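The structures considered in this document are given below.
Note that chain A is present in both complexes that follow, paired respectively with chain B and with chain C.
== the complex of A and B ==
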């Protein structure tokens, strides 16, 4: 069980949640952020930090955002395009910096209007 | 400023308190460009503060934040843990100001507010903090016994601690056995007779202080019904506006309304959530037999008003959980009205709102008992950025040779422990857990903790201190 970042993050990537996360488990793809579900401690500190209200506890996901539950996990369990192995559980996001690729679901999402 | 002089000697910082606020402060200090030496003091031989002793045992995932906190001590002699050192006794404010270039108080909230109603001290009426200390294996409560043979228990309060206490009370013995509570605590839970926990909140659910994360914890209780009377979730128009404006409230209210509408499922235990009820007095001949509650009504400004309608709730035990509060540290400035160490962006202020020299504060001692573990990360980052900016203006550092503090502690007869000692105790607790199929079994008695820390246990292992 963990928190999940949904489509409202795509093309926003405000990153205000990243510095709030006490275990540094919010990883940056190219167009969105992803929560490593095994590293997340369910503290919820990221939720109020997100100006887009993109972050939900998995039980509370709106139906339309349910695919992002699996998709957040896929970012770590699947081999991302251009990489040779899955990220798995790196232990901390900061040392990796911007990973620069997304899951197919996020990558195929139509461009979103980004607020100034 | 002469940079050559400064680089000859690195600044030394003392952090008082090895809880999440203190250890996030260490993380921030280590991220600075200038080399620093840090000593982290704690009055216990164990690190992690409220992560170990506050976060409820049935929330092991939250406790796994130690994976990150422990890395503060991955830096060899640069960061030392000095456990079992009492501030004001073994080491004093004047000592720290003498031996360090900066002092960070991260001492948390050691006290607890009272209800101030008649009957509060009857046997069977407890502060929640003592109960939390006890089930978490805190040495302060190691010798206590909590009689869980009451059938009906009241928990007064609407914060996360009240929810933790209520949830723990209705856990089945098997659920408790899956946690790290001390053996003695597990035995008490095995003999528990508790069937009904009444969670009593003075104000309405819109004002309740628990977070959705905590409220959600009630969802996975297997053999428990959540009982909410429809009148408790009815609201005035202003409440609806407040709910719509606040995402956290929307989540809370949705969960509570769902429970209020759901038929009871005949479970063996129940949590009754009772809003808008004020405890007026606790009654009983020789021990708690009940609590008199006055029905409140909500006001447009978010406050409440008593209606004069009284009801007696029969309970045999009461836990009062109306808030932790920081206590004054010996010789350190304290704002009694707000129960915090006064500060500006983390720099400690004296009684005249002037900065004291090189003292800082973070965590609950700084902002009061609010927020999640994560809140401490940004809170400590603010404090440390103030501290580092101040250090940068100094022409030289005067922090003592690291050995001198140890000599001082030795002279005072302090039985201080190092990080290696904690790791030995940690290993012991984990091994004990493995032998019982549990994540860990905590050792709650200070004397035993110290013996195991030093390796001078019955098993005959010989251990040094470093």
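== the complex of A and C ==
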């Protein structure tokens, strides 16, 4: 079980959740952030930090956001464009910095207009 | 740093290390997870195992809601709720008292702490546990809740009653809890009634006439969790602002300073080190030191098999001495860089919602006392301090001489 970042993060990437995470398990792609499900400790500290209300506990996901449950995991288990191997479980996001690529689902998402 | 430069990272160990270490003796076993016959429970001391138990609420249950008197004590509180209701309440707590809120109260917290310190320093002596560590967080909490701490009738009612309530809380959480018909629980219920008589009129007033205080904010946010949000829910939510883990932490930090004049000097010369001192105090002292859980089903952990229904004690201060996570973990190093997440604020779904406020309260209280004094020292002629407490572990009395 883990928290999941959904489509409301796309093109926002506010990163306020990153600072709140006590185990540094929120990784930055190009257009969105992703929670490493095996590293997430389910504390929920990221949820109120997100100005877009993009983060849900997986049991609480709205139906329209269900694909992002698998997509957050895909960011780590699949080999992302331009990389030679999956990220798997790096243990902390900060040492990696911005990964700079996204999953196909996020990459193909139409550009979003983000609140100021 | 120039190549080849030798940096001496060794620092003399704090005078408190041996005595704090001795208080763990009862919890040490030959493995990181072991069965205790006297406790009739599993004792868990390893970091990975403690973290896992606190994280996996599906496997390890916090049985507080089932304890006799828990609902009378807590009402509809975070510690009683589970599942989605718990997650929503947890998120609202963090929204209300997160980093922005904590930074917003910092200046007032500093002012309150300076006021109390200044008064105690004028006296020349104080019992820092009751007069400072227990008092300053209470007064700061009163202020951000919107309670008038200058109203002597209010504080003279609340302070002693909070202590009676705290005894019930400790007994309710420790071991298997305590029956409602015991004296501690009866006294606790009477204390809750007395405090409710003082606080409910203020809570009702804030519903009708909201202000820029936390009680008013709780009235605004509460109905987003429960549409039938009521004055008793507000009352249940505000207890933690008045009585919390900052008090035992501040007792330990105050005592540590009294025992270590050299550390006092370093922190006075560079007050920016105080945050690190507080964080190391959280790791090293871990005042909330035993967390109870119950295995929901058979689980293999730490080379042992727990059976469904087995009781568990999670010993967080021992987890916070994991040698793979902290260098020289049995040393109190106020200037240590915290490389790992300590478990002083818990872990997982119960991760402390008051962590930002607690850190600000503790740091400002310590900075204020250091600013008002040139030396803190224990009064050798007074009753000696003792470490005690199973759930909240702290030191008292701290009879100290305060030099201006």
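Methods note: the second predicted complex is superposed on the first by the 116 of 116 C-alpha atoms of A that agree within 3 Å, B and C clash if a C-alpha of one lies under 4 Å from a C-alpha of the other, contacts with A are read in each partner's own complex, and residues count from 1 in each chain.
Basically, contacts are C-beta pairs under 8 Å (C-beta built on N, C-alpha and C of every residue); 3 or more make two chains touch, one makes a residue touch a chain.
Being a predicted model, the structure only gives us computed values, none of them experimental.
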Side-by-side fit of chain B and chain C on chain A, or clash: clash
Output check: A:95 vs chain B and chain C. Expected answer is one of first, second, both, neither. What do you get? neither
Does chain A have more residues touched by chain B or by chain C? B
Partner chain in contact with A:44 - chain B first, chain C second, else both or neither: both
A:110 contacts which: chain B (first), chain C (second), both, neither? neither
Tell me the contact category for A:59 with respect to chain B and chain C: first, second, both or neither. both
For A:82, is the partner it touches chain B (first), chain C (second), both, or none of the two (neither)? neither
Taking the options 166-174, 256-264 or 454-462, which segment of chain B carries the C-alpha atoms that clash with chain C in the overlay? 166-174
List the residues of chain A that touch chain B in one complex and chain C in the other. 1, 20, 22-23, 41-45, 47-48, 57, 59-60
Residues of chain C defined as touching chain A within the complex: 51, 55, 57-58, 84, 87, 90-92, 94-95, 98, 341, 345, 347-351
What residues of chain A sit close enough to touch chain B in their complex? 1, 19-24, 41-48, 53, 57, 59-60, 91-92
For the complex, which residues does chain A have touching chain C? 1, 20, 22-23, 41-45, 47-49, 57, 59-60
For chain B, which residues are in contact with chain A within the complex? 20, 24, 59, 61-62, 64-65, 67-68, 211-213, 216, 219, 247-248, 251, 372-378, 381
